Every structure is written in C-alpha cells, then in structure tokens.
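Contents: one structure, followed by commentary.
By written order: A, B, C and D. Residues from 1 in each chain.
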Amino acid sequence: MKGKVVKNQRLNDKYFFLEIKSEEFVTQAHVGQFLMIKPGSQEYTHDPLLRRPLGVADVHDGKFNLVYMVVGKGTKLLSEFHEGGMIEFSAPLGNSFTLLENKRVALVAGGIGIAPVFWLAKTLKNRGCVVDLYYGGRTVDDVVLLEELKENTDHLIVTTDDGSAGIKGFVTLPFKENVETYDMVYACGPKPMLKTVSEICVNAEVPVEVSLDERMACGLGACLGCIIYLREGDEIVQKRCCVEGPVFDGAKIAWDKLS
Amino acid sequence: MSDRLKTTFCGIEFKNPVITASGTFGYGLEYAKYIDISKLGGISVKGISLKEVQGNPMPRIMETTSGMLNAIGLQNVGVERFITEKLPELRKHDTKIIVNFWGKTIEEYVEVARILDEADVDMLEMNISCPNIKEGGIAFGTDPKMTHEVTYNVKKVLKNKPLMVKLSPNVTNIKVYAQACEQAGADAISAINTLLGMSVNIHNRKPNIYNITGGLSGPAIKPVAIRMVHETFRTVKIPIMGIGGIIDWKDVVEFGLVGASAVQVGTANFIDPEIPLKIISDLDKYMAENNIGNFSELTGTVNLDR
Amino acid sequence: MSDRLKTTFCGIEFKNPVITASGTFGYGLEYAKYIDISKLGGISVKGISLKEVQGNPMPRIMETTSGMLNAIGLQNVGVERFITEKLPELRKHDTKIIVNFWGKTIEEYVEVARILDEADVDMLEMNISCPNIKEGGIAFGTDPKMTHEVTYNVKKVLKNKPLMVKLSPNVTNIKVYAQACEQAGADAISAINTLLGMSVNIHNRKPNIYNITGGLSGPAIKPVAIRMVHETFRTVKIPIMGIGGIIDWKDVVEFGLVGASAVQVGTANFIDPEIPLKIISDLDKYMAENNIGNFSELTGTVNLDR
Amino acid sequence: MKGKVVKNQRLNDKYFFLEIKSEEFVTQAHVGQFLMIKPGSQEYTHDPLLRRPLGVADVHDGKFNLVYMVVGKGTKLLSEFHEGGMIEFSAPLGNSFTLLENKRVALVAGGIGIAPVFWLAKTLKNRGCVVDLYYGGRTVDDVVLLEELKENTDHLIVTTDDGSAGIKGFVTLPFKENVETYDMVYACGPKPMLKTVSEICVNAEVPVEVSLDERMACGLGACLGCIIYLREGDEIVQKRCCVEGPVFDGAKIAWDKLS
C-alpha cells in the first residue's frame, strides 16, 4: 500500500508522530495491529533493506497515526521523511486486542509501548469502558502525547524512573495497587515490564493481554524470524509474533524462553 | 502474461522463470492472502525434513548493510504434515511446487526424497548447503565427495521427480561441487544459498543471532552469486536456477546472462510481497521491448569478448 | 589522542589500532594532501611486487549494492621504486608503515620480503589472497599447503620485520589457513581480503570489469569478515588485524569483540578520506565513556554465553 | 567539505542544475576540475556507497554550480535532494584547462559534457577570447542552458542527432569546417566525439584539450580505478584520470586503449 505523509512531527528528542492518509489501510485495520513500513522513499536503494514494524497508534478520518522512537537507521531515515511525500507500507498485520464493553480496564504502557495503547484507550472508551492508563517512561522525554491521552482515559497515571514527570518509580507499582479492581488488563512495553504486569495479573486472577515486540523480517508469517513461546499445559509451543501475535495472553507466555 | 515468459526447466513448464526461494516464502500460503501466488513461475517451499523441526532459539534474524543474517534452524512441519496439511491448499493455486528438503544423514535425505517422489509436487530441491544446522548438514555441501554421495543416493530412489541440488557458496571452488552434482545424476543446480556471516551487538557484546553465525542473504551478496552462477554455467551442462540478492527484473536478466535458466527470489519477498510479481511483469516488458522471444534466449549470453 | 588508543601489535607500537588498508590508500601520499596522515595508526601501502606492474585493462571498478568490485590487477611501482621514490616522502609522516607485498612465485615473495626487511618500514603484510591476478597468486591463498610453504619460506629470510599474512575469504574453511600461517611462523594474520564477485552490464551484456571477476569490498561484506575473524581468533594465538566493510567506530568495536587487535579501513577511504580520522576520534570517545583503558581490553570479548 | 544546497532544479526530463554555497570550495576551484559528491544526505546508509564525480559547471558569489544528468541511483538520489539541506563533497579535484587570453577558441560539448565547458566558456570570454561553442546532443532535451550559454559565447552552434533543436547531425561536422580558424580547441563529451574532435584537431594542427570521464572510486589517485592511456613517443603510458586529468592533450590519448 501507499499513502501520503500528512504529518511527520518531532514530539521530542526521541519520539516522532507520523500521520498517513490511506482509506485502504484504515478500513482494514484493527486495534492492536501493526504494519511494516518502508523507512525511505527510494525504490532503488537497499540500505536499510527491510521494512520496519510499527504499531498502529490511531485511525481516524481516512488517516492513521504512528508513534515511533528513533533508535537506528530505519527510524532515523523515517524521521527525515518529508511531509507530502508518498510512503510505502504493508496491509495491517497481526491479530488484535480483545475489545470489551462497559468494563473497568487497565492499560499499562512502557515507553514506546504507548503506540498501540493509544488507539486501544480511545476504542475502549468509546465502547463504554472505564479506562485507566498506567504510563511509565525512563524520563519526561519518554512519556508523550499526555494531553491527548488524558482525553481518552478516565485516569492517567504517569511514572518516570527519574521522577522528571509524574510519580518517580516503575509503572508497575501504582498499577499493582489497583489491579484487583479491573476486569481486564492490556499492556505494551519492554519485556521485563510485560512480565511483571502479567505476573501481577495472574496473581490477582485478572485476564491480561500483552503486545510483544520481536525483530521481524516479513511480518506475515513466512520467515520464522519472530518466534515467541507459550506455555500450553505442560508443553512449550512456538508462535509467530507477527501472525499469531503481536497480542498474546500474558498468562501463557513462557517469559524465560523469549529472546 | 505472454508466452515469452514460459520456461521449460528439467522438462517442467513454468509460467515464467521467477520462483520464490525456499525459506523466504513459507509454504506459499502465508503469501496467498496478499498476492496472487498463481502468477508466480513456482514456489520453493521452506526446507522439509523427515520429522518436524522446531528450529533455533531466538534471536534468529538480523539486518546487515543491504543484507540480512538468519539462523532459523530449518524449522519445518516435517514431510508428512507438509503433504497432508499444506500441499492440498497450495495445489489450489496454479503454480509449480518445488520442495526444498534436507536431512541429517544420507538415509534421511533418501527417505524424504522417496516420500516426496510419490507426492503431488513438481520438483525436488535438495539443500545440502544450509549453514545453520550443526549436525551433518554443513558437511554435505562443503565436501565434494559427500555432495556426490548424497546426490547419487537420492537420485537412485527418484522415479518421478527431477532433482535439483542447491549449492553452498561457502566453498573454495564451486565448480568442483557443480561437477560432483552433475556426475552423480542431478537434473539441475540451484545456486546460491546464503554466505556464512556473523554480527555482534556492541552494547551487550552478544552475537545478534543466538546460533552465533547465520546465513547472509540479500542484495549485498549478489556479486558473489553472479560469479558462482557464471562459474557453474561454464562447468556443467545441466540447467541452473540463479539465486542471491534479486530485487528487480534487471537482476534477473543479469543472472540469465551468466547462465541461469530460471531464478529464485528470496529476501526480497520480505521487503515487499509484491516484488516477485513486479519482477515478472517488468521482465515481460523488457523482453517485449528487446525482442527476446523467450527467457532461454538470454541464458549464458554474457559477452566475454574483449 | 590519549594513551588508551595506543596499540601494541607484533611488538610494534601503533598510535591507535586504525590502519588504512592496502590498495585503498595508495602509497599514503595521495591522501597527505587532504588529511593529516600522521594521525593514523598506520598505513598498509598498495601491494608491492619485485618488478613494476601495469595492472589490468579498464574497466577496473564497479559499484555494487553497498559494496564495490575491483580488479586493479595489483598495479604498483615495484619494490625498488617504492623504496627510493615513495618511502622517504612517506617517512616524513609520523605513522607506522606496513608494506603489503606479493609475488607470482615463492622465489619472488622471498626476494621482495628480503629487500623490504632491510628497508625503513615497520612491518610486512603478505598478500596471498588477491583474487585478481591469474598467475599463481590465487593458488597460495586457497591451498593450505601453499599458504604454509610461502609463509615458511618468507619468514625464514626475515631478520628484522614482523610478518603478517593476509587471508583470502574465498575458502571453505579459513581456520585451516590461519593454522597453516601460525605453524609456518607468521607473526600475525590480517583478514579478510575481498570476496570474489562479478557483475554484468545488462545493456551491452559485458562484464562490468574487464577481468570478468573482481574483489568485492565494502559494508556488504562485513558480516562475512566478522565471522572469519571470529573463527580465526578461536583457532590461532597470533594477533589479528580485522578488515572488511569498516565504516565507523562501531564496526571497529565489533571487529575487536570477535578478536581483532587492530583493524584496517579500506573502501571507506574512497567514500571520504576523513573517515579513518573520524573513526579514531569516535573510538577514543567511546572508550573514554565506557572506561575502556586500551583497545586490547576489547579483543575477543564477545559474550558467547547463552 | 559541506555546503548548503541553494538550488536543485530540474531543467528537463534528464538534466538537473544544482547550486551549492561554499566559500571554501569556491576559493580553491579551477576551471576544468571536478568534485566527488555524496548523493544523499544520510551518513548511516551505504547504498549508493561511493561519492559521484561531477564537473564544476560554474563558480560565482561564494557558490558553485553543477549540471547533472540522471542516469542511475546516485544521480537519481541527488535529484531528490531537498533545497536548503547540507550536502557533502570533496575538495576540487584534478587538473584544469589551459586558459588562453585574447585568442580565438572553439569549445565542443556533447550532452552532459557541457558541465565543465560552461565555466570554461565564461572564463575564456572574461580573458578576452573569442569563444565559439559547438554543442551537440541527441535530442532537444540534451542541450540545456542555451540562454546562459549564449551570453557567455560569441557563437553558439547547437546540433541534435534528430534535428529537434539546432542543426540536425553530429556536432563535429560544423566544427570541422571551422577548425583551422582557432588557436585552441577544448572538448568534453562522449569518447567517440572526443576522439573525432581530437583527430580533426591533429589533422588541422590545432592544439586540443579534452576532459575525460572514467568510473571513479576515490577521485584522488589512490584506487587506480580510473586509468587512461597516453601515447608518449613509442610508449603507451598510464595516467589516472582523476589526478593527471580529467583534462588531457587530445593529440596524445591512445583512444583504442580506453574502456
């Protein structure tokens, strides 16, 4: 697919916000899905080689949004993409979150994990849920779009490791205090955080869905490069993060087997 | 598409000379959702073994400059499940099916080949070159005597299907291996598999691939692949499927000129599933514009006069 | 620059571990107009032979995806003119001089080495791996017995200068060659030279390089180079100079982690003559920030635990 | 060196005009020299890998101009370079034309060979020469900047192979008719044209300087990838196009040995 880059806006030193126009994409996308996006506009250069996976952060008015952090050459190149240009990307890929109605839910996001959570918050709110978002980052630069998030949540609890914004400390602490009040928990962020969130939920017997990140080459189940491991009964089974995921039941993930 | 793309390879008629490479196109079905796979010349499926294989621990892939490393560890559902679960679905699409296969011993190779020979597939591609698996696999493709032996033994049991042997580029002299295959009765050669490479994360000082080393593929390796197909073509008479770094129709023509009768597109499928189809239509256009009646007219016509 | 970059390699003290690679830095003087070459750890000069050599007909170079092919044909002024015309000028700059050299026969190798052993240079680098020259050159680097023999014979006549042998990547098993060098008395190994590649112009159907095949260098080959330095480091005890696709300080650290005690920068010099100097200062910064007292602390420290 | 891209303007389907600001470059450059320019702005992508050689087409007011034809990925990428951005390039490289004063000179340019000839025309004109420019292209799209060239020459004779602009036919024909009236001839363009021009000059005993093109990796004499051959007495000698050239005595070139 192809779409016009409407906005490619720097949020702070690390984060960017990208808005792309594409009816085709928008009509197909589900909350929790991702896409593979070509970081540059040139067909004839092959470095970087592969498209990069990014979570869909919102969908509205025939446009969709991505939020990304510049970490390497692909995201750097993306950050230099000129507004108005046409960008190439895949169809929406992967599975999606289970969407409840009229329930109390907690969303836990760590750093760039906010991307899919943004759209999720908005969607669940529209479905009548009470939505609490626990959003943690290393510093104030790692918690973005706070105004927009406030609008789409009932409670927004921000934490930073260094206290430069919100409460000082890990996001899992305030979340843990309230876990039992929720019907369902959704999380996206670094693996150690997801693991802790899942353990907290399992202990509290609250269902939890997490969105996982793995390096991806194809994004559609062919390369077998993005394996994650689930515990099913006594067995450890392999799943492709890109097709059977990126959203998994946090209670089933074999955390110690992940890379 | 026109007749000019029709390609006879080992007596099999492919719609066009563009086949998707093993390990980069799953069992074909993964892509059927996104592109019309019946437009492909053929599909070489992920390497099949006698028993189901789980593959290597993660991480398994890493991008490098204009290339990627992989050490999937030959994960596959095994030959039985392939035939019962995958093949019937795949056969609904009108394209040729090449089954890439491997074993850890000659007996395993022979056994898988025997089963596939009776299955509803078009051609076998024997992978003796995968550098990822530790047990034996590597030995077949980097020792000419072993190459001969496994080819000879497999060929002996095949009654119905042509045998293509896929060569490893990680050798001093690929001509010796091509010759070993031809002499052992192989019907065709495919070349090349991945180059053995490695990459390290300088922050945590760990290899970027769990297996430590992995196979390098993508445009970065094309010059090596072109050279090896050239050398192979000058050495043997059996037809060659050219593989390595193909991204567009120009690459396909280049492989043709040095001796490929057909080609396989690998890593490019990851970049964009549309690429093989785009190659096919661009190639058709190029051939029409240049009055090339059939892809075979290009094969091996590089001009070496000076 | 600080002391932390000082690198002792074969008993020679280099200012830093960044040396410019043979064939990519001329005789050093070409670059002296554009950068301060005395800031380099050292310079490995264009491969020198007994007599002057004119090299191959044109074309000699071609860009490929993230790499380049070359078949210069080892053009050089010969050892006498090098010593009388180039060396005195070069010696005005305070950096170490490594002389890359080659021959068509063992006698030629020995003869050049003997002459250089008496000259005002710091170290010899024996190229047994250049894939471009047809007469013999290729045989030394792709036959372990020949590797041993030429190394042994050259080492025998050297009284003053350490001998580094430069390995070819175009072999099935580089460990065998590294061992052959060590056993024959080599003081160090440099790896890798270029990968043998080819490219064809699809319009006129001629090879893009007159010599048909050429040596592939640049970032495209880095994963192969990293793998081979890793294998070499795990095989021999003599120090290794890592070469292949280095563009920035991160590449240098990666080579260090897999076993390089120093590195050579090749193709990158063509892209921008400032690159080796930038690497040196960036490396210094990295080491300062990470409390690495000396580059040797990195050597071979890749973490292979799983 | 680095400079700001002031203009990167499409002249027609194939040709572009680039203006870069750099006092440093301008003060060092001589007529006939070239530079090696990085086609993209990114440090961290390596395809295309090498800088590309382009002739200096003019120098004025702390800025210099390049004229280039899009033929492959490097020049394509260059054509997408955004105005206002900083671009990287080498110092001015190579030798330069012999600059006469107050003489009658002919300049012969074929296609993109116009680039160094543009600056040469202007310079010779300023030195009091009578400057006739013979400028040939395949079609009307291959003869550019005609207005500007008219201003800097005494006679501008344009030819195209298909007659779509100027006289139909090869540029060497009108040139040959007048060759004997010149004190000196300068030429840049495809090798067959340069060879013909040189032969015409040798026959007419008029000195001729030609600017040659070879693929280049380093541009400064180190890689030995850009060899051309001169006849010196009975001998054929090798020269590096980038250092001993790109300008050579047309009478001495061993045309049959060039690639």
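The working rule: a residue touches a chain if its C-beta (ideal position, glycine included) is under 8 Å from a C-beta of that chain, and two chains touch if they have at least 3 such contacts.
Computed from a predicted model, the values in this text were never measured in an experiment.
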State the smallest step count from subunit A to subunit D, taking one step as a move to a touching chain. 1
Which chain is most remote from subunit C in terms of Cα centres? A
Please tell me whether A-C or A-B has the greater number of C-beta pairs in contact. A-B
In angstrom, rounded to a whole number, how far apart do the mean CA points of subunit B and subunit C lie? 34
CA centre of subunit B versus CA centre of subunit D: separation in Å? 46
Would you kindly tell me how far, in whole Å, the mean C-alpha position of subunit B lies from that of subunit A? 36
Quick one: which residues in subunit D touch 2 or more of the other chains? 46-48
Sequence positions of subunit B contacting 2 or more other chains: 57, 65-67, 210, 219
For subunit D, which residues count as touching subunit C in their complex? 38, 46-51, 88, 90-91, 214-228, 238, 243, 257-259
Residue ranges of subunit A in contact with subunit D within the complex: 40-42, 44-48, 73, 76-77, 80, 82
Listed in rising order, the residues of subunit B that touch subunit A in the complex are 23-26, 30-31, 33-34, 46, 54-55, 57-63, 65-68, 70, 72, 75, 210, 218-219, 247, 267, 269-273
Subunit A-facing residues of subunit C, complex: 65-66, 219
Seen from subunit A, its contact residues with subunit C in the complex are 46-47
